[in-house]
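Listed after this line are the structures, all set down as structure tokens.
What follows is subunit A paired twice: with subunit B in the first complex and subunit C in the second.
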Partner chain A sequence: MSPGMRPQGRGRLMDNPRTRVFILLAPVVTFFVVFNTIPTLWLLGLSFYNHSLTSGMPPEFIGFKNFVAIFNGKNSIWFDLSRTFTFVICGVTFQTLLGAALGFLFWGSKNMPGRRIALTLLFAPMVLTPVATGTFFRFIYDPTFGVLNYIARDGFGMAPIDFLGNPKIAFWAVLAVDSWMWTPFMTLMTLAALGSVPKAELEAAEIDRVPYLRRLSLVIWHHGKFIMMLGILLRTIDSFKTLDLIIPMTKGGPGQSTRLVALELNKQSFESFNMGWSSAYAVLLLLISIAMTSVFIYVLNLRRRKEAEE
Partner chain B sequence: MAEIIIDHVTKRFGALAAVDDIDMSFADGEVACLLGPSGCGKTTLMRMLAGLEQPTSGRILFGGKDVTRLPPGKRNVGMVFQYPVMYPTLSVSENLNLPMKYDKSVSPAERQRRVDEVLDVLDMRPMARAFIEDLDIGSRQKVAIGRAVARQSEIVLFDEPTTNMGVNAKLQLIHAFKQVTRRLRQTIVYVTHDQTEAMTLADKIALMKDGKILQYDGPHVLYSQPSTAFGGWFMGNPGMNFIPATRQTGGIASPILAQPLPAPSHLPQGEITIGIRPERVEMSAEPGPGSVPGVLVDQAVGIAGRYLTTVRVDGAKVKVNTAGAPPVGLGDTVHLSVPHARVILFVDGNRVAG
Partner chain C sequence: MTKAENFEAASGLKRRSVLKGGAALGLAGVAGSGLVGRALAAEPHPLAGQKIEMNILGIAGWGPSSLGVAMSPLFAEYVKAKYDYDVTFQFQEAPFADLFQKAATSLATKSQEFNIIISDSQWLGALAQPGWILNLNEIIKANPNLQLEWYSKAVVDTYMTYPDGSDQIWGLPQEGDVEALFVRKDWLEDPAERAAFEAKHGKPMPQTWEDFAELTMDEFELLADFFTRPDKQVWGFAQQYSRVYDFATCAFNNFLWSRGGRTWDATTGQVEGILNTPENAASLAEYKRWLKYCPPGATNIGIGEGVDVFVQGKVFSEIQWAAVGPAMIPEELKGKVLVVPPPKHGTGADAKRIMSMGGQPWVVNAFNDDAHMRVAIDFMNWWYLPETALEFAKRGGNPCDKATLSRPDFDDINPWNRTFKYMLEDGRSQDFWHDPKYSEMLAIQQEGYSAFVTDQATDPQAVMDYIACAQQQILLDSGTSKIEPSAMCAGTSL
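== the complex of A and B ==
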């Protein structure tokens, strides 16, 4: 390069591959550190302190006492956790099965008139605000003027059911709303997964006389599994954090029947302002989330590794 | 016996007739190429043979049996796609075995024998246990070809199998194809837009344009006696010269003809053109009997080291393809002679004589 062609100033930094990497990464790294790393470290630190915003006392270092209280206190985390896992497992399983079934139906009906309208309607719940969905369903479930009880009473002559007031029903009523809202997401993921299957491979399998169920495992699952597993992973993490849907419906009640971990955390931190205890609780939830993600990624890689070895 | 009969088959997509009332048959044990430019309907026609597409009207018969309404799995055809299909969780030999696995009439021993035979023909014995990750795109397509032929169905369809391949893989595939077809006498329909491939592989070529078959003939006949001007233009590289001609008392006159061409007895009305292949035009620096003078306006080196020259003769441009270098330089006068026996006469794009 002749001296006259040498770029000047900033241009020279961008031309050097080593500095260019840092310059291009700087904005996202800054964002990540300021809004993610620092708060997480702060949270971790705070979890070892007794710190209440309402007491007026300065934070006091108490070691692992917050964690001990979470596991052994009168409101032990175990009850909330088992309730949350039931919610996650039942909800995600149901949403995946129904969502996948709907996805296959929509996939197989590409020439059906009105398909686009049906798809748009199907995806409508997903784009609503969970708080609005929860509020509407509180009205729908209402024992005196709710539309469900109106149908049950006037249509079938049944006694009114207090969906959200009965501790035995409330959990499942809330789960039903969560499924109403998020099944379309799994339909979307199924459609994306099916879209990633090469058309020629499906047609070849048809010509090669491969039976339908075998085609499903041989061709469709092989190409679609990554997107499907990704959908299940996203749904699991999201479901684990369910909060804004339940608050307008039951606020965790009646009793503690719909109190998931996120509701307890919300109550302790932003209603009772027990910041130290809440931080410890949040750290535990973060660890559980990381563990779940790792398991999913491990399972996905396991399949691929096995294929490579075969 | 598996003669393919296409009985007045039409396929419409909305207002467009992708396949427009085709009525023809492919003989048993023959390699037939469907050749034509993109969008001419050749792939649609093939997909209807496979059962992946339903004709709007008409019937398709395999060996006298009407298969028009049968699903692909019940037609007993093999098919190779443009996209090389190799089932990713199965090894090469498992791939070859798969279509036979669901046919109860073939014993496991016979299946193994057929798989081994195809592996040998394709020269893939060392790769029998390989998986898709171990193979390049050409080998994957070879597996697809093997899978389509190992089941020994009477009909095998090829939908532009070499389109996405590199030059090397393409040659390998064509070699493999020839090996396979020589061993197993199946009725083969091969779709391609590559005329060289069609000329190399086919017993007969069906030239398609706008949903219709223009001509169905052996490669040599199709090349030397195209029934339409389109055929003359599409086949050959470069295609045929088309030079306007007029009807006169002495016969048919054209700027590149020194003597008028005797007119055939029943010359229809319409616009007359004469067609001549570039390699049939003779070129020399000196005038000779029956030659016309022209100006050499362009020259290039073509396939196999042949010389491509463009000569302007009285307003018409003539492409000339010669083995040796042109006798004169750019802008100089050159003398062309066109043998009457090589001239084809077209009226409104259809061949009438020659």
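== the complex of A and C ==
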């Protein structure tokens, strides 16, 4: 630009820090508004209507009736919520513990032969489609010709186990598959968290002969907790909306024993096409998700806040 | 300009006249000769010289559905020769449990993504009520080819009519289907087995179609028990208990109806007091009792799993849809399987069988533009030509028109044909509700039946109460019924 020339049009706007922010944010904000905010507001509006796509009738405004029906336990949704929380808490806890253990194992064995192959194999379940995984495991679990029962029967002389047909076992059988799929994710997050720990601090702690558990809490957890908590948060949200694994395995059965909230929401909205009631249900689930996320973020920021106060 | 406007501009015809034209050509097709026929045949087809691409939505993994699809090139040849237009077909599929979802989400946007849909019979109300599919009354009136004499009233009630009992036609049968009992004939004919059975029970095993047609459940139970040998990994019987889609419902309804029960009153929408009778609760217990003759994991048996256990020689007999005959009797089992009517319930002269109807109708997308609508009507006219129906039967399908089923050679075309025809007669098979709320009502009872057969719920009466109350509330909420659930319903749960 020659001296004395002033930037014109877009160039001038980009030079201004105030307008530059808006220009740079505009595409993502537009995307967010169009594909997130408007549908969410639409969802919120629809939750106050009685609207079934298959009735052929126009939507009817019914105020809070859908929410009242939910709080009165329509379609056994409190059972679904309680089952879903059990699924999330048990699943995420197990996956975090096992994933972290595996992460430490791989972190501490960097020179192990075949480490890369082992890691690749470990991560394989995570990249499979849940529907395909569910279908595979339905066959693996089959009591008549499934491979698991074949081994149990011919290898150990056990009676056939009806993994997905027994309501006492089915929930845990599905949870086991979910853990098989997603423990590697927590391993990955653990490795990422461990990778974020400064080597110098670790070496200093080692030289100072700080006990391992204190090293874990003062150095490793201090630096890696954000990534670990992020992993737990992502797994919690993902686990809360588990659907595509259960559909091919049990479709929520036997009875209602594996019916999680996402399954019921899917049924009401995309099988029964009760758009009003489903919207109210979705609003409730959205609020629960926001509450859970807020708790995680609060916990994550607790120490930072304490430090700021000090 | 929309596709429809394009078509109108090109052909100079309005939508209504196109449908009427379709009727006229349908008439010409059957007239064949005579003044009217010659005059109409001389009139060029409005699509002559054009190329049309049609989309059919069918059921994935369902033989009869793919048969309809596989035969579509014959239609292309037919219309090329007869009407001089080219038609190609694209096919999309989804499994039973997901097909309605796929169809409805597309139709709700008034899309003509699927010009013709192979629907399940219970969906007629849900597709018709919002106006997503074409009412066929006028089309049938105008197309003599479609004015067929159907084999029984059950065909009309199941595949064509909504609301139940009305004269409004929304579908035409693509594939007829009934419940049949598939039996291992080679096991029955084994001299050692025959001798052992006779020694144990003092009477011979049934051998022929006629023997089985008279068999009651009590008599059949002797056979099921005789062939149940868990130590040899063989069981006597299988039927559907799966929670998926309508699998448990259809199998249980066989018990409920045959033992004198009803599911609802279609005119008043009353469920409570009809479904949850002590007799129906006893039927549910009886349905569950038969699990002892089924292989492990039978509570997950649906159509596919049922085919697997039968074909792998794990079970002696199975109640299964006639439509999956080609899968139940693969090459290696040809000549070794007898397909017979399922046993009667009850004893003596009162013994009867009323089984579930299966099968699917064709329905036509109401949002088709004129060209696609015209091809859809031509397709229907072609599908019910005697030669097409016969070809369908020869490929393993089950047509429903009286002319084809009354052919002297029909019974011998497929091993299940005689039973199909027998079970299609009025009073032997029936369908359940076609209400737009069928999906919700079905989900409730699938959960209930599944909970009971898997011991999650142990009291059959409580299960039936729960289902009846929930369904009554659904029908009340939707306006189908004015009957409110009783006070008893407040305390019901699974």
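By our rule, the second predicted complex is superposed on the first by the 300 of 310 C-alpha atoms of A that agree within 3 Å, B and C clash if a C-alpha of one lies under 4 Å from a C-alpha of the other, contacts with A are read in each partner's own complex, and residues count from 1 in each chain.
As a convention for this text, a contact is a pair of C-beta atoms (placed from the backbone, for glycine too) under 8 Å apart; a residue touches a chain by one contact, two chains touch by 3 or more.
These figures come from a predicted structure and were not determined experimentally.
*Asks:* For the three-chain model obtained by superposing on subunit A, do subunit B and subunit C clash or fit?
*Replies:* After superposition on subunit A, which the two structures share, subunit B sits beside subunit C with no clash.
*Asks:* After the superposition on chain A, what angle is formed at the C-alpha centre of subunit A by the C-alpha centres of subunit B and subunit C, rounded to the nearest 10 degrees?
*Replies:* 150
*Asks:* Between subunit B and subunit C, whom does A:59 touch in the aligned arrangement: first, second, both, or neither?
*Replies:* A:59: touches no partner chain.
*Asks:* Does the superposition put A:207 against subunit B (first), subunit C (second), both, or neither?
*Replies:* Only subunit B is touched by A:207; subunit C is not.
*Asks:* Touch test for A:167: subunit B only (first), subunit C only (second), both, or neither?
*Replies:* After superposition on chain A, A:167 lies in contact with subunit C alone.
*Asks:* Once the structures are superposed on A, label A:250 by its partner contacts, choosing first (subunit B), second (subunit C), both or neither.
*Replies:* A:250 contacts subunit C only, not subunit B.
*Asks:* Specify the partner with more touching residues on subunit A, choosing between subunit B and subunit C.
*Replies:* Between subunit B and subunit C, the winner on subunit A residue contacts is C.
*Asks:* For A:125, decide between first (touching subunit B), second (touching subunit C), both and neither.
*Replies:* neither
*Asks:* Examine A:218 and indicate which partner it touches, taking first as subunit B and second as subunit C; both and neither are also allowed.
*Replies:* A:218: touches subunit B, not subunit C.
*Asks:* Once chain A of both complexes is superposed, is A:271 in touch with subunit B (first), subunit C (second), both, or neither?
*Replies:* Only subunit C is touched by A:271; subunit B is not.
*Asks:* For the superposed arrangement, tell me the lowest C-alpha distance between subunit B and subunit C in Å.
*Replies:* Here the least C-alpha separation of subunit B and subunit C stands at 52 Å.
*Asks:* Inside the complex, what are the residues of subunit B that reach subunit A?
*Replies:* 50-52, 71-73, 75, 77-79, 81-83, 85, 87-90, 98-99, 102-103, 131, 133, 144, 147, 151
*Asks:* Considering the complex alone, what residue numbers of subunit A touch subunit B?
*Replies:* Touch residues, subunit A against subunit B: 198, 200-201, 203-211, 218-219, 222, 307-308, 310.
*Asks:* State the interface residues of subunit C toward subunit A in the complex, per the touch definition above.
*Replies:* Interface residues on subunit C, with respect to subunit A: 97, 100-101, 104-105, 108, 125-127, 129-131, 242-244, 295-300, 305, 308-309, 312, 314, 436-437, 439-440, 443, 446-448, 450-457, 477-479, 493-494.
*Asks:* Touching residues of subunit A toward subunit C in the complex: what are they?
*Replies:* Contact set of subunit A toward subunit C: 50, 52-56, 76, 138, 142-145, 149, 160, 162, 164-167, 250-257, 259, 267-268, 270-274.
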